[in-house]
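Think of it as A, B and C in the order they're written, each chain with its own count starting at 1.
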Amino acid sequence: MNLSQQVGEFVVRVDPERCRRCKRCVLNCGFGALSFENGVVADHKKCAACQRCVVFCPEQAIRVEHNPLAMKDNANWSYEHRRDIWRQAESGGMLVTGMGNDKPFFIFWDRMVLDACQVTNPSIDPLREPMELRTHIGKKPDSVQFERQPDGSLKLKTNIAPVIELATPILFGAMSFGSISLNAHKALAIAAQRCGTLMNCGEGGLHEELYPYGDNIIVQCASGRFGVHAEYLNRGVAVEIKIGQGAKPGIGGHLPGEKIGLEVSKTRMIPQGTDALSPAPHHDIYSIEDLRQLIFALKEATEYKKPVGVKISAVHNVAAIASGVVRAGADYVMIDGFRGGTGAAPTIIRDNVGIPIELALAAVDDRLRQEGIRNQASILAGGGIRNAGDVAKAIALGADAVVIGTAALVALGCRICQKCYTGNCSWGIATQRAELVRRLDPHEGAERLTNLIGAWSLELKEVLGAVGVNSIESLRGSRERLRGVELTRDTLDILGIKPAGR
Amino acid sequence: MDKATDNSIQIDARGVYYRDLNASVREAIARGVKQIKLLNVNGQRYIADGLDRQVSIEVHGVPGNDLGAFMNGATVTVYANAQDAVANTMNAGKIVVHGSAGDVLGYGMRGGKLFVRGNVGYRVGIHMKSYKKQVPIIIAGGCAGDFLGEYMAGGIVVVLGLNVGTPHGSSVAGNYIGTGMHGGSIYLGAEADPRRFGKEIGITPLNEEDNQLLKELLGEFCADFDLNADEVLSRSFTKLTPHSHRPYGKYYAY
Amino acid sequence: MSYWDEKCISGCGLTGFIHVNGARESGAAVLESIAVIRERGNGLGGGFAGYGIYPDRADKLAFHLMYQNEKAHEDTERFLLQRFDITCAEPIPTRPNKFIQSPPLLWRYFASPRADYLRRANVSEDDFVVDAVMTINAQIAGACVMSSARNMGVFKGVGFPEDVGEFFRIDEYRGYIWTGHARFPTNTPGWWGGAHPFALLDWSIVHNGEISSYGINKRYLEMFGYKCTLLTDTEVVAYLVDLLVRRHGLSIRMACKALAPPFWREIDAMPEDEREAMRALRMVYASAALNGPFALLFAYKNGLVGFNDRIKLRPLIAAKRGDTYYMASEECAIRQIAPDLDDVWSPVAGEPVIVELGKGLVTENEFEPAGGRVRSQS
């Protein structure tokens, strides 16, 4: 075996004067980077910069720094480019990574600004006046009819398809049990229930312990059909067909064997230690009418009591695809932009395939309106949503609600070290190792998630107040409230917004 | 046509532009007139704004918006309904309305009294303030609309609800009573559904001091409008006060 | 109309009245009423709508148009002649007023749809007229339709309302419903088309406030073929009312509930049937909801409706004297023309005040569509 030519990206420095040799850091590191021999000894190559040791050191004695290795500057060949080639030369394999695209592509959220009201139209004071965020996800008819009862009272005559009521337009995105731990799943479920929103169990099936939270869970039906059975379908409040995800459009899900432990094996019904690969296409969906068939099969299996949605990745012709999906009968379309996260994906796909959610969302919303079918399905948008500002802008572009994955994990403690695929997450989130999973207390995690959703909802209300509306439906799709800063004409055109100053 | 007798005059306001009308009023006051009667008023705005002399003005007809805004000492009596923004940021003086009044009354009021015989509209008593003896007072005989006492920081608001149960008296006060309130008190003379209360307020039982206060204030109110004080005082009052001085502390991450 | 066009913002004053018994009164009354609240405007816009003003031509559609130039005039007439039989085409009578300067060309046409064209289009007469109006406004540069219905007309322009009214000789018309508007625009000061009322078929709207949901209301309406071209947010109200009431068959009260929906917490507290109905209404018409402060008066051939946003951020007062109902931004506007009133009251936020011809104040929940009790006014 040739000696690896790679060096560590990070260096762990322990201040010997402060260190009280409690060994807490050694115990906490999930990557095995720290050991103890008359003092803390670091194997720098294994450090993932997950900050667990730094946070848990009682003396704040640890610093994790970039390895200050000087390499000749090269504007074309970054350190990462060189390092990746060394890795491939040593392994002959595809590079794999976790979380979302980290490359410096343009972020459109940061070039859009929101309006505020002054003088001619007052802003509203969200702390003192009612501000409504309630959102309904599902298919809505064009119009409604009423009829009079014999006693003179009002009754709805039109049949409305089942819709899901959310207290706030922010949902937790699909993250499979397998890619994340059971405790993380539980934390999401408890928080979703508390916040009046939903989590999505992802393509790994639904563990029994989450059954009591069914009213706040979307169950996913992906190409691997892991854990999909009739009871599963009826447990959740909606069923989502996963066609793609933003981090890896065109390819399937990937759970490395390291992460298939006992519980995952049981829930997914596959052997322990094997790689769980969901094929890229559903092998029964090769054309749009096949999708329609699956949608209705699911509706029949759930007796038309649950909305059936479809999750697609944002790609070049996302508008046409979304239109097809809606016409195929989906009650909602979830669009995952190229910044979406993942537990494991080939780096080359994660960083080069897919389009930004801002553009995809605008294009889909426009197309559905042009075709007169916008009310037939709700649009959920996600893929790198970082704060309530992004949420507000997404809604102004036309999203019914916004989906967060990475942000939720960060709330639980994730530092986005991108090592999820190793299953060594020191925070107990993206791992199945029992000793690591145990660290994530579902109730504490749920509280952190609830705080996040609560804080963003308050911020969203502040934004609504500033734009002078007191319910979210008056901002939804109101492109007039956005302006672009330093965007090209084409981009402004696609986003359907004016440049700031007009 | 002006008629002058020593220190009281009459002005016919019919068709007179508000600027001219108010200029005449100020000019008369500067001359030493103490009582002014305005006849045929209809819609002239800003009457008695900023007046700080102890003069009395009678308004016959519906005055325009912002009656008595920034007023600092006069007494104004309106023999008709009043419109919006009466007593806006008023500091001292008294306004008596023999009728109903509109929205946004007593906004930022810091002293003085506003008495309205009938209903008052929306957003009455917003951000009233008080300091020691400087206490603004609003009393309405009828009902109030939504957002009564919103953001109140001091002062006293009394809504009697004498006409509750009649066509224009569905509830003594509307929704969102006292939202954002952090000072002052609201007294309601008829029962209000607690679901109408803003998050920041709660019911406080009345004590001797409250009863004394109501006796004094309502005594004056009833005298102004020829009402039976004993009957009015025998009503069951609910006192609403804020829970805290800093109701929004927990919303911010510092 | 692309998203590039600017929306004009305005603040304003309103007034209106309806003689429930159908008695027709000179427009001088509405002029006098709006003049009292001229402070609410800044002299850059005024307008009026009168119903019952063309009694001897009541069976004909009365199109009121304004043209910025001769070409617009020619193009529009050519277009109208293709689709309508025009029995009379004449300039709208005006009298000089020293404050009304550089008016556009103002014409009116008494017309009926051409039978063959209507048959080929295979749509209702109302849709036929709406389509013609949308086409003229969107495609004929410099042309703007002020009103498009039988036995009613809109007169509007740039100037103080009393001057605009004087200019259009409003006092010479007699109507059973009149509405008037004083405008305070902060954009496009010279644009006659931006004044209120906005009308489509027999709906006419005068509006005080700003519709902060305009961006989405406009996109929603565009899905149904309406084109918002008049650069003012009020335009969406006219089209929304047309969509909800005429095309979707909602009663006026239900349409108002869609435009100013009850808060969710109020809906949650309703009895089951009503709760289901309100929830469905609000979900379906989410993009039609008008947000922002507003007071509106909308009139149609059978009635007058006054209506506020659900936290009443703009003033509106209603009153009654005998067989007549009045609504205005300020009580003084009503008192000016009706010093003695039987009743004066402040409408409740979000609850429309509906007064119907021949009926008076409508207080119960109505389920029949607004057109369901047509009494022909001929």
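To be clear about the criterion, contacts are C-beta pairs under 8 Å (C-beta built on N, C-alpha and C of every residue); 3 or more make two chains touch, one makes a residue touch a chain.
These figures come from a predicted structure and were not determined experimentally.
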Subunit C and subunit A - chains in contact with each: B
Outermost chain relative to subunit C, judged by CA means, is A
B-C versus A-B: which has more C-beta pairs touching? B-C
Geometric centre distance via CA averages, subunit C-subunit A, whole Å: 47
Separation of subunit A from subunit B, taking each centre as the mean of its C-alpha atoms, in whole Å: 54
Could you work out how far the Cα centre of subunit B sits from that of subunit C, in whole Å? 36
Where subunit C touches two or more other chains, by residue: 311
Residues of subunit A touching at least two other chains: 129-130
If a residue has to touch 2 or more other chains to count, which residues of subunit B qualify? 147
Per the contact definition, I'd like the list of subunit C residues that touch subunit A in the complex. 3-4, 6-7, 9-11, 186, 209-210, 212-216, 218-220, 222-224, 248-250, 254, 261, 263-265, 271, 273-274, 276-277, 280-281, 283-284, 286-287, 289-293, 311, 313, 365, 367
What residues on subunit B touch subunit A, complex-wise? 147, 150-151, 176, 179-180, 198, 248, 251, 253
In their shared complex, at which residues does subunit A touch subunit B? 125, 127-130, 455, 458
Write out the stretch or stretches of subunit C touching subunit B in their complex. 36-37, 39, 269, 311-312, 315, 317, 330-333, 335-336, 344-346, 348-349
Using the touch definition from the top, list the residues of subunit B that touch subunit C in their complex. 18, 42-43, 45, 61-62, 64-65, 81, 83-84, 100, 102-103, 119, 121-122, 145-147, 167-168, 195
